[in-house]
Each structure stands twice: as C-alpha cells, then as structure tokens.
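One structure is given here, and the rest of the page talks about it.
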Amino acid sequence: MNGLTHVLTQVLVALFQVAAVAVGGPLLLGLMRKVRSRLEGRAGAPIHQPLLDLRKLFAKQRMRPRDSSWVFGAGPVVLVATVVAVTAVSPLVSASPPLGQSSDFFAVVFVLLLGSVLLALSALDTGTAFGGMGSSRSMTIGALCEPALLVAILAMAIAARTSNLPALVRVGISHPAVIASPARILALASFLVVILAESGRLPVDNPSTHLELTMIHEAMVLEYSGADLGLIILGESMRLVFLLGLFVNLFVPWGVADRPGVLFVGLGLLALVAKVCAVGATIAVFEVFTAKLRLFRLPELLAGGFVLALLGALTAVVR
Amino acid sequence: MLAFVLLLIPAATGCVAAATPWRRWIGWLCTASLGFVLVTGVVLAVLVVHRPALSAFGGVLRVDALSAFMVIVIGAIGLLAVCQSVRYLEREVSSGRSSARRATLYSVLVQGFITAMLLAVVAGNVGVMWVAVEATTIITTFLVGYRRTREALEASWKYVIICSVGIALAFLGTVLVYLAALHAGGVTHVSLQWTSLMSVAHHLDPGVMRLALALLVLGYGTKVGLAPMHSWLPDAHSQAPAPVSALMSGVLLTVAFYVLLRFKAVADGALGVGFSRMLFVTAGLLSLAVAASLLLSQRDYKRMLAYHSVEHMGLIALGAAAGTPLAIAAVLLHVLGHGLAKAVLFLASGEILIVEGATEIDQVKALLARRPALGGVFAFGLVALLGLPPFSLFISELNMLRAEVHVGLGWVAAISLVLMAVIFGSVMSHGRHMLFGARPDGEVAHKSPLNVSVPLIGGLVACGAIGVLAWPLDTLLRAAAMVVVK
Amino acid sequence: MNGATYSSFLEIAAGLVILCAFVTLWRRSLRAIVRTLAVQGMALGVVAIVLGVHRRDVVLIVVGCLVVLAKGLAIPTLVRRVLANEPMSRETSPLVNVPSSLVGAGALTFLAYGATRPVVALVSTSAGRLIPLGVATLLIGFFSMVVRRKAVSQIVGLLLVDNGIALVAFLATAGVPLLVELGASLDVLLVVVVLRVLAVQLWSKFAVLDLDQLQELHD
Amino acid sequence: MNEVYVVTVGLAGLIAAILGGALPLASRVGAAVALTWLSCGAGIAAAVSVLSSGHVISLSTTAILPLTGVTLVLNPLGALFVISISVVALASTLYWLGYASHGLDTRSASSALPLFVTSMLLVPFAASVATFLVLWEMMALTSLVLVLTDQSRREAARSAAQWYAVMTHAGAAAILLALILLSAHSGGQTFADIEAHARHLSGAVRGTIFVLALLGFGSKAGAVPLHVWLPKAHAEAPGPASALMSGAMVNLGIYGIILVGNELLGGGPVWWWLLVSLLGVVSALYGALYAATSSDLKRLLAYSTTDNMGLVLIALGASGLFGAVGRPTTAAIAMVAALLLLINHSVFKGALFLAAGAVQAATGTRDLDRLGGLMRRMPVTGVVFFVGALSVAALPPFNGFVGEWLLFQGLLHGLPTSNTSVVISVAVAVAALALTGGLTVAAFVKATGIGFLGRARSIEAAEAHEAAITMRLGAAALATLCLVLGLVPMLVLPAIERAAASAGRVSATSATGGWISLHLLGLRGVLAPSLLAGGLAIAVLVVIVIRRLTHRRSHAWPAVNPVEPWGSGRKLQTARMQYTATSFAEPLQRVFDDVIRPSRDLDVSHFVESRYYIERIAYHTSNDDVLERHFYRPFIASVRWWGQRARRLQNGSVHRYLAFGFVALVIVLVVVA
C-alpha cells in the first residue's frame, strides 16, 4: 500500500515536472521576446503568444519533401520525447525525482544528444541544400560543445564523488561550500556557454533570422510544417527550459523540494519559475547587446568554454 | 656398406646415361636413382638414429644421424630437380637448342653432381669431404655454363674462379687442422678422420685452430654463399638451367654448410664456442645485410631467389652461432625446408621463363590471373620462403631466434628480425608486380601440364607437412643435432 | 745429407717459390709469367723431394716427383695452350700498377709472417720456419687475381694460391695423407682444364680478351 | 568433453577450408559456412563452459609442430574473446552466403575465410609461444588472402594488401621478439612457465618486452601511428571479411596487450600505462577526426575502428594506472569498461561493415558523394546502418552508450589521487573522450544522412536493390544485438567481470540489480538503461498519439503529403544541389586544418571570349593520412634510395668480387694474428 502511494506520488511528480516544463517552455520564449522588444523600444507580442502559435501549428496540415524517408517524420517526435524523458527524471522541481538514483548526468546529456542527432538526420533527409547546411553546421557546433559539456560535468562530479543529478543538487543544499568552490563555478560558466550554443541562441545562432544563409537551426527545420513544426518549437523551448532549470538548480539549489509534500513541490515550482525567468531575462538582455558570431569564430568561444571546464576539473582534482 | 651402395647407384646411373644416347627413359632412370637415394636415406636414418654410426672402408665412409639427414635432404630435393630435368631436356632437344649429346652430358653431369654431394655427406674423412666439395664445383661449372651463351660462360667463369679460391683457403684450413692434430699431445694414430679429430679436439693448439677455423669459414663459406664471398651466387643461379639452380641453391649450399658444422664441432672442442660464434654471427649478419640491400631494387626474379638463398644461409649461420641442440635441430629443419621451397621456386621460375620468355620482374605480370597453377605455386613458394606458417621455415626460424636469445644473442635476433622485415617488404613488392593484376582481355587462363604442377605442389605440401607434423622428423633432427653438439 | 745442407736446400727451394710469386707480379709478358709458374712448380716439387729425402719417406719423394711433373710441366703447358690462341699476350694495364703491387706484395709477406706465428711456434722445425713463405705466396696469388685483367693471369694467380698452400702442406705436415693429396692435385688439374676451356670459349666465341668485358651480369 | 570442443573448433575449420578449396562452385560456400558454424558453435560451447565453471580447458600435444609442440589453454579472458569473435563470425558467414556471388566464391576465398575465422578463434586458446605465433601468422596470412580478393580488378586492393602485409609482418616481428625474450629468460616456452618466471626479470627487460608487445599488438589494433594499413585493408576487404577484420581481428590486438601486460608480466609500473593511455588518446582523436572528414564509407568505418580501439586503450591504460597507484576498485571498473567497449565495438562495427558491404554490393561504390536515398531503396540495410551509427555514437538506448558510461564512471571515481601524472593523464583522457564523442557523432550523422537519406546522388544509388535475404539476416542479427546489449548489458557483464578478474586479478565490480539497473559496488553510480529506454519509448508513443489526435479530419488523406522542398524560390531542385559528405565535413575540416593539412586546389577556367565569363570552376580537396604522407612515405623513399645505392656492390666486375674475398681474408688474418 505504502509502496503504491510512493509510486503514485513519483508518477505525479514526474507528470508535474513534464507539464510545468511543457507549458513553461513556450512561455519562456515569449518572455524573452517580450524583454527584447521592450529593450528595443517595441511593444512586442504578449508573453503567451508562442502557445497560441503552437495551437495554430498543430491544427495545420503536415507536409514532407519528396524522397524523404521515415526519418523525416521521426525527428520531431524523438526530439520532444527525449526532452520529456529527461525532464521526468531530473531534479527540477523536486530534489528527489522519480528513479532519482538512476538519473545520471551523463545519461541525461546523451539522451538529449539523441534528440539533436535525429533532428540533424531528418534535416539531411529533406534532400535540400539548406537542410544539409543546417545539420552540418549544428553538428560541427555540437561536436565542439561536447567536450566542454562533459568535462564540466566531470568537474562537478569529481567534487561530489558522483555524477548522479539529484545527488549533485542535494550536495549544493547540504554543503553550500561546494557551490562556492572554483570547480563548480568554472564548470557552470562553461555549462552556460554550452547551453547557449546548444539551444541556438545568440551569439551562436540568431533564432529570429529569416536569411537562409545565416541560419543554423532554422535551416534544419525549414521543411517542417504543421504539427511537426509545432513539435520542434515545443521541443526546443522545453530543452532550453530544462537546461536552464538544471543550471539554476546546480548553481542556486535553494527552494528545490527536498522532501515530499504538495506544499514543498509548489514552493519548488515557484522557486524554479523565478530562477529560470531571471536567467532567461538576463540572456534576453544580453542578446540585445550582442551580434551573432561568424561561424568560424565559434570554435574560439567553445574552446574558451572547454578551457574553463578543464580548469574546473583540475581545481576539483588537485588537492 | 649401404653407404657405398648409396654412392654406387647414382654413379652407375650416370655411366648408363653416358653409355646410351639420351632417351626419355634415361631421365626416368635418373629419377628412379634419386628415389633410391631418398629411400636409402630414410633407411639409414632409421638405422643410425638411435644407434652408433655405420662406417665402411676403414672409416672413409661414415654415416651418422647428421649424414643420414643430409642424404634425405639430397634425395628429396634431387628427386624434384631430376624429375623436372626430364621435361627440361625434352624441351631443349625438341626445340633444337641442344643436341642429344649435350642432353647426355647434362644427365651424366647431374648424376655426378649428386654423387659428389652424397660423397661429401657420407665421407668420414674431412680431406675426402674437401675433395668431394671441390668436385661439385668442377662439375657444376659445366652445368652453369650448359647453355653456352655469353652470360652463362661469364657466370661459370666467375663461379669457378671465386669458388676455387675459396675452396683452396678451405684446404689450407684443413691442412692446419691436420697440423694441430699432429701436434696434439699424447696422440698416437693421427688421421683426417672426423671422429679422431673430435677425440683429440680438446688437445688441439688454440692459436692454430683459430687460424684454421677462420680460413675454413671463409673457404667453405664461399660455397655456402655467405657474404662477403657470396658474389658468384646470383650470377650462377640465374644462368644455370632451372633444375640445376634448384639443386645448387637447395642442396649444394647446405652440403658445404654441413662440412662447416663438422669443423665447428671440432673447433668448439678446442676453443670453446666464443670464437666460432663471433665468426658465424659476423658472416650471418653480413649475409642478411647484403641480401636485404640487394633485394630492395632487384629486377630479375631468378637473382631475387638467389639473394634469398644468401639470406637463408645467413639465418642458418646465425642459428649455428647459437649452437645449442635446439638451435642445430632448427638449423637442420631450416636446411630441409629451405631446400624444398627454394627448389620449387627455381623450378617454377624456370617454367615462367619458358612461358613468358623473360627473367625481368617487370616483364612478368598478373601470373595469378593468367596462369593460376603456376602463379599459385610461385606465390605459395614465396610465402614459404618468407617464413610464414604452415611452412616449416617459420617454425625453424622461430626456434633459431629463440636459441639465439637464449644464449644471449638477443641483439643479433633483433637485427636479423629487422633485416628480415626489410626483405619481406621488398620481396612482397616484387611478388606483387609479378603475381597480381588483371588478365588482358581476350587472353584465356592457361593450365599448366600435370607433370609440372604435381611435383611442385608435392614439394610445397612436403614443406608444409614437415612444418606442421612433428613426427617422424623430430627425433631424427634431435639425434642429428646431438652429433655436432656435445 | 746432414741438417745444414738439408735446411739450406729447403730454404733455397722455398725462397725460389716466393721469388717466383714476386716475379709474376713484376713481369707483364704472359709467357714470361707462365714460365715463372713452371719454375715455381719445380721448386715446389724440389721442396717435397728434399723433405722426403730428409725423412726417408718414399711416398713423399714420389709425391714430389708427381708435383714436378704436374705443376712443373703439365699445368704450365695447358696454360700455354690458352696463350697460344690469344693474340694480346701482355698484361698491358693491371688495375694496380707494378711498383705499387710489388710494395703490396711485400706488405702481404709481412702479414703472412704475422699471421702464421702460432703455426711456426707449434711446428718449431727448420721446415716450419718457412711456412710463412707459403702463406705469402698464397696471398700474393690472390692479390694478383684481384688486380690482373687477363684470364691467364687469373689462372696463374689461382695456381700461385694453390702452390702456396701445397708449400705450407709440405713444410708443416710433410704432406697430408696421400689419398687427399692426390685428390687435391687432381682437382687442381681439372680446375685448370675447366678454366682453359672457358677461357678459350670466351675468347673464340665472344672475343672476350679482357676480364673487364665480363660485366653483363650485374644488378 | 571440453577437449572435444577444442578439437572440433580446429578440425571443423580445417575441413571447411579444404572443402571450400575443393568443392565445385555450387556447394563450396554452403559447406564452408556450415562447417564454420560448427567451429564457432564448438568455440562458444567451450567458452561458455569455461565462463560458467571457471575451470580452464587445457590441451597439449607434441605430435604437432616440430621442436615445440602445441599447447592450448582457455581461461575466462580468452573465453570472452572467443565468444565475441564467434558472434561476429556467425553473422558474417551467414551474410557471406548471400554475398558470395559478388566475387567472394573463388576457391581461394572460400578456403581462406573459414581458416581465418578458425585461426582467430584459436588464438585465445594458444598457451605457448610457438602455438600463439603460428596461429597469429595464419590469421594474418588468411586475412591477407581475403584482402586480395579484388586484386585483379582494383589496384587499390593490391597496394592495400602490400601495406597490410608489411605492417602486420613488422608487428609480428615485434611480438615474436617480445615473446621469445620472455621465453628465453624463463625456462620453457609455455605461457605457464613464462608467467611463473616473469616476476624475476629485471625492470628494463620487462619494460622492453612490454613496449615491443605494445607496438606489435597495437599495430594490429590499429593504434596511431601504426594504423596506416587499417583504413586501406579494412576498406578494400570484401564485406564479410572487413566485418571480421574490424569486428573480430582488432580485438585480438587488445587481447595481446592484456595477455602480455596483465597476464604474463602481471602488471607493471605507471609509465607503461601512461604510454598505453597516450597511445589511446592519440588514436581516439586521430581516428575520430579522419572518420569525421573522410567521404569513403568503409574508410570512415575503418578510421572509427581506430578511434574505438583508442577508447579501449584509454580504458586499459586507466585500469593499469589505477592498479599501479592502488585503486583496485576503479582499476577493475576500468578493465570491465575496456572489455565491454571491445565487445560492443565488435557487435556494432560488424553490423556497420556488413551494411556497408551490402551498399557496395548494391551500388558498386563506397563513395558517399555518389550515394543517398538508400533508406528507401534498401530499408533493412538502412535501418541496420542507422542502428549501428547510433550505437557507435554512444547514444542510448544502444550498446555503445553503456560502455562509455562505465568508462566515464571509472575515470571520475579514480580521481582525485595524489599521483599528479595520473591526474593529468586522466583529465586529458576525459577531454579526448569528449572531443572524440562529438566528432564521432558528426561522422556518423554524415555517414547515415549522406549515404542513406535525402536523394540519390548517382544512377547506381537510384537503382540500388535491397540485399539478399541472408545478408539482411546476418546484418540485422548484429543490429538487434546492439539494442539488446544496450537494454540489458547485464547479459554479458558477469562474464566480462569473470574475464577481467582472470586478467587483472581483481574482484567483481558491479552488481546487477535484477535485469533493470546496474550498480557499481562501493561507489555511487547507477544506470538503468532499460528504464531509460522504457521512458523514452513511452514518451515517443505519447507524442505520436498527440500528433495524431491534433490532426484534423478536414485535411485530405494521407496525413502527410509529399511536396517539392523549398529552394529559395527556385522551382525544381536537383540531387546535385544537396550537401555532399565533403561539404558536410568542410566546417570541421576547417576547424582542424592544422592537423589534417588537406590539399585543396581551385581551378577556374574562363571563356576564351572574355575573362569575365567563367566557364567552369573545379574544387578538389583530398585529405589522405597525414602520418602516411609525412612519415611513412619519406621513410620508404629513403629505404628505396639505399637499395639503389647498394646495387653498386654487385656491379659485375669479377675483380671487385675477388677483392671482397681478399679484403675479408686480410682482415681475418689481421684479427686472428
């Protein structure tokens, strides 16, 4: 009986996190656009505009290029599915998520990677120049992000003697000194760089460009329409929220529900929303004042991230 | 007595061949005599492998396990070569390149050659050994020059001049050994009997023996084809008729080496292994280096095979330098394996010369595609010579190297491995040019006649069999090794 | 005869052998060289006979006579036959000129003395002291084979080598056992025959006068 | 009973070879395959009995191999390798049935392939120097014959064969020297004697032996810089053979290193393992980089083999390092990771090469720039390649991921430690791993996307037909195994732990919570691959359902209708407008320009009338192996030069020849006197 309730609560928490991220993703997009337009002196669309867009897209008809295979259809689905799966088991709202002890940071990263790989493949499946261009560029960036990301994780994991996500978050709550440690600060800095690169924000990619030749992410999804496009937008935004949520919980873990109970979960949600919105807004502000980097200047940026992470790892190791 | 019969039969066959104008059956008669030699060798081996040596004529002829083994080597490879000679002579006569008289001469010389080699290995007297080896030089000179082209004559001139000098040095060495034996303290009856030399080995004067052994290694080394006295070898082997090349490269070299082994045993008794080891290592490494350098940009496939012989003689010299029972057993196995493989290759190259009409490597192309049987034999022969399993050369090389490392010649093993790798690379690239490639359009794949492919394949199979099966050779090898290792 | 005369005879004969060796290096005319060779052969036979007389050894005396016949008469005649049908009967330009080759021969003689010290020490008879001369003859013969361009000169060189060895054999061991001795001399005879045949063929069929022309076979 | 298995392995293979050479065309391949299966079956049976019971099988006779005799012993480590080889062999030989008609039904091939499989199966059995070397050389020789299958048609095959032959022979020479050094310093030549005496050797000798073995076996495993032959030979070998070489033979290179380093020498000082890790790091990066930038399908796969062997070497090195600094637990984890990576690699690389072989058989080309759209023409092969690509990219739920996860765990739990060199090397290793991972993903997105997706770039690709049923079965079996091992690695982990225990003398490291999750003993590291996959599957289903539900009835059926893609207003787009493999890799190539140094040239030809009108622009770029270009070629050239010089030794002058002898005589006399 007790076990059953436990399982039920676990499932509820999981669904709750997923729902929160699913709704929060588009809203975050809306928020960031709002901030940008305000700073640029425009009124801007309402914050919930992306949700409306999604509803419209899901109602529209789906198209696929001639000569494309099942991979084209699979791309968006897997993209969203991967984000959903990792969201369900990660310590976003609650520090003890379902299957918590098996939610491993490396695993999470590789699952997310699966999504972006499928998207890149489906872009190639369109059989157009733009699809190839987009996936080639995003794969290049991904290949260069990978080292920074993994070494950053390693830096945090060495300090905490584990790569288990909830454990990493709880360590922050129990020993705040760990957060202040240079290892984690450096690691998180490079983690942030990676987040920006992976989710196609400035200065790596301009999400609101309409010129194919400058596109990276947009070029990949050029052929999608209707529900598929909706899924992609949803998935991307969810991933942004998920990564930012992880980031803030690793950096300022306070407020995360570290024991069961509706109240604590509610608090955790509020804390998460607050922190993510703050970070999102900051990014938006930052984006206003930066221009997109040239593609072949990106390695320098990512190498910088990598070096930060490596320094973090070394500081964590050398006692 | 059996040993005497052993000598008699080929000699008698030679006389018969001399008496009657050449016919096909003469050829088969010669082949039969070689078969007899092989069988006798086996019988002798069975007789002496576990018992003391047989001797005849007051020890002038003496057969122990080592001699028996060498008789087997001569019989086996001689059988291959003589059996192919039939075909060779038929071709020569039918094409009018040589008259029946010369064919007769050829058969007689070959039989004499065989007899001389047999005498060398069954002689119990080192003087007689010397005479026999010298006799092989004289006989083979005519065989090398058999084709009477300018190149053939040039080759035989170089061959006889260089080898006579060498063999003369060997004679001086023999004389000095005899001198040392004469002055060995407290010995009554002194002769050039190998056994008596062995018995007084410990009393021989070291100074003289050092000089003697050095001269012997230099002298017989010339016949073995050890650098720096190897220079006659590529010319002679590339100019002689294919069967003769097979005999010379497969057997003659190792017969000379057999004599060296006997003398080494005597000298080691007097000097310890150190000095002979120094000589053999020097000669062996030099030979390997020369072979490696000259194989790199070789353009003639018969010369390639000749240098390959230089390499293998260097290898067995190194094995002998190690001198442990295992090493000598491996050396003997290598002698047999190399003899078979090299004979097969020379015979095959003779066929290639006949069908392609060129001895340059870059004139011969795509053999595997155009002449599958011949190309296959050549390819597998090369594989065998490069020391890859299942052929026996691999296992013998492995054990020689083991012995070298065991006696502290690890650096020698390392150097020889490097040189062998270089040789592998160059031979591989030459073989690639000859064997691989596409058959020209319209040309059909030729089939080789059975009387060519069967003996050659048989030789390869034998070479593989002795490399895989330990029985029955193993005991003989060990017994033979114990003859020269105390 | 008494010891003194014996050893002086021996020394004269042996000295004659090595002297002939020097002469072959010194002369250019092939005929003269062959003549010298004959003299050397005779001297060699004399050495054997003297030894035989000294030791009351009939076999050795017989061998000595045989040597005189073979090396003093038979072989030189054979070689002369080669000369008979070769027009250019002069060693015009040896690879090393005569003076320096004579110097070289001197050096080789010293080497021979150095190298045979253990042998001399072992034998320690009046005959034994002469062994180095045999070795020196051998070296000089070998040397002349290296530096002389004519087929005949090379044959002669080979025979010098052989005579040197025979000299050593007689002086050191009063001759190896008869069987071997005969076999050896027979072999030498045959080698000369072979060489002669080859030389004649090379000259008559391919007009090879000079061994430097034998460079068809090379890598 | 066990001995019977061993004998069966050998005999079945031998008979298979003989029949393959003797039988007529019709029955040749069938008989060979049947007997090879028997041989593999016997091998698996022996291995399973060893792994389950823990008792070794041993068999020895002096009737075979003169002067030495044969000694065969199968311990758990060997058993693991036997199994991994057998699995690949079973699949590839099944595949061979269908592939045979593509030029792999000649007598030579039909007898070489079974012999190749059998000698590979027997190498782990070998327990004496002579036995090991004979089997090793047999393996090399038979695989060489297989590489030469296409020699009469392709010059590339010939040169590949030559590279392979020479490199592998040099490697074998190094191995031989190492082993005979061992045997010479310790009485007998059986591994038992060696193991007993190796302790007493001096450090220098042990070091020499290890380095020699590392070089020899490393070249077989394709470790940089000894890898040059691998991309050539593995690419030129016909489908099944390349799968066997890349999926099975390279494993034996690693086996050799473990054999000499851990078993015979019983571990060593830190610098050995630093060397191994260094080799691994270099190989991983180099292989991944070239895989990412090469546009030849099989060459790409071959380079990725080098890359994966690099990972394995990193794991081995880490295990050794941790062992040397007294971290048995992490050492064990690293060793298990190494073996798991190795087995995974066998499976997915086998699948990939089989798929690539099918593509080559169907289209006649391996050039990615001439492929495309095959996912629809050859669905099964396409899916197999897709699965293999995801596994090699270490993406869940496939098997590659578990191995890399284990390696990461091992590395991070090995830290922090007091030994600075270990710290640095591990940090570098992780960085290298990460970069490698990224590059590998890029490489295989390229391979799959350009090769199988989009539009066909050539007539051949457009008219390709799906492979024969047996080929599909063989490849699909391995692909399925990728998934199974990805979901339940616990199937093999116990066996691997037993093997690791017998190799590195360490205790078990991971407990498997039922079939669900994988706990690392004494450490906080848990992975539940099946739960992960399950969650993923549910999510996928949910998303699909949502997408269906939101689909309005009003729209015309089918739900998705094909249209012309958007070409910035251009109406019709041709297949030539697609990105090619070269263009896909171009950004990466530019980023790593300094390493690869590709040779580019751009030639623009104008119209004769006016320089302002360009007739055509041709852009060539080629990235052949930089080590081959700047190290091997010059070396070969210098050897050739020496060969030319040396010919003067034999210039034909009889005087010179006599002079050699004369000088030798004088020297001898001077020396002796």
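We call the chains A, B, C and D, going by the order they appear; numbering starts again at 1 in every chain.
In the analysis below, contacts are C-beta pairs under 8 Å (C-beta built on N, C-alpha and C of every residue); 3 or more make two chains touch, one makes a residue touch a chain.
The structure displayed is predicted, hence computed values, not measured ones.
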B-D against C-D, pair bridged by the larger set of C-beta contacts: B-D
Most widely separated chain from subunit B, with each centre as the mean of CA atoms: A
Between subunit B and subunit D, centroid-to-centroid distance (C-alpha), Å: 43
Distance between the centres, which are taken as Cα means, of subunit C and subunit A, whole angstrom: 100
Chain centre separation (subunit C, subunit D; CA means) in Å: 69
Separation of mean Cα positions, subunit D and subunit A [Å, integer]: 35
Subunit A, residues touching no fewer than two other chains: none
Touching two or more other chains - residues of subunit B: 157-158, 161, 165, 210-211, 234, 294, 297
Numbers and ranges of subunit C residues touching at least 2 other chains: 115, 117, 142, 145, 154, 214, 216-217, 219
Pairwise chain contacts under the document criterion: A-D, B-C, B-D, C-D
Residue numbers on subunit D that touch subunit C, as the complex places them: 647, 649-655, 658-659, 661-662, 665-666, 669-670, 672-673
For the subunit C and subunit D complex, residues of the former touching the latter: 95, 108, 111-112, 114-115, 117, 139, 142-143, 145-147, 149, 154, 211-212, 214-219
Contacting residues of subunit C [partner subunit B, same complex]: 115-119, 121-123, 135, 138, 142, 145, 151, 154, 158, 161-162, 165, 168-169, 172-173, 176-177, 179-180, 183-184, 187, 190-191, 194-195, 198-199, 201-202, 205-206, 208, 214, 216-217, 219
Subunit A to subunit D touching residues, read off their complex: 58-59, 61-71, 73, 77-78, 80-82, 84-85, 88-89, 99, 101-102, 104, 106-107, 110-111, 113-114, 117, 120-121, 123-133, 135-137, 139-140, 142-151, 154, 157-158, 161-164, 167, 212, 222-223, 227-228, 231, 295-296, 299, 306, 310, 313-314, 316-319
Subunit D-facing residues of subunit B, complex: 157-158, 161-162, 165-166, 169, 210-211, 214-215, 218, 222, 228-229, 231-232, 234, 290, 293-297, 326, 329-330, 333, 366, 368-369, 383, 386, 388-390, 392, 394-396, 398-399, 401-402, 405-406, 410, 413-414, 417-418, 420-422, 424-426, 428-429, 432, 436-439, 466-471, 473-474, 477
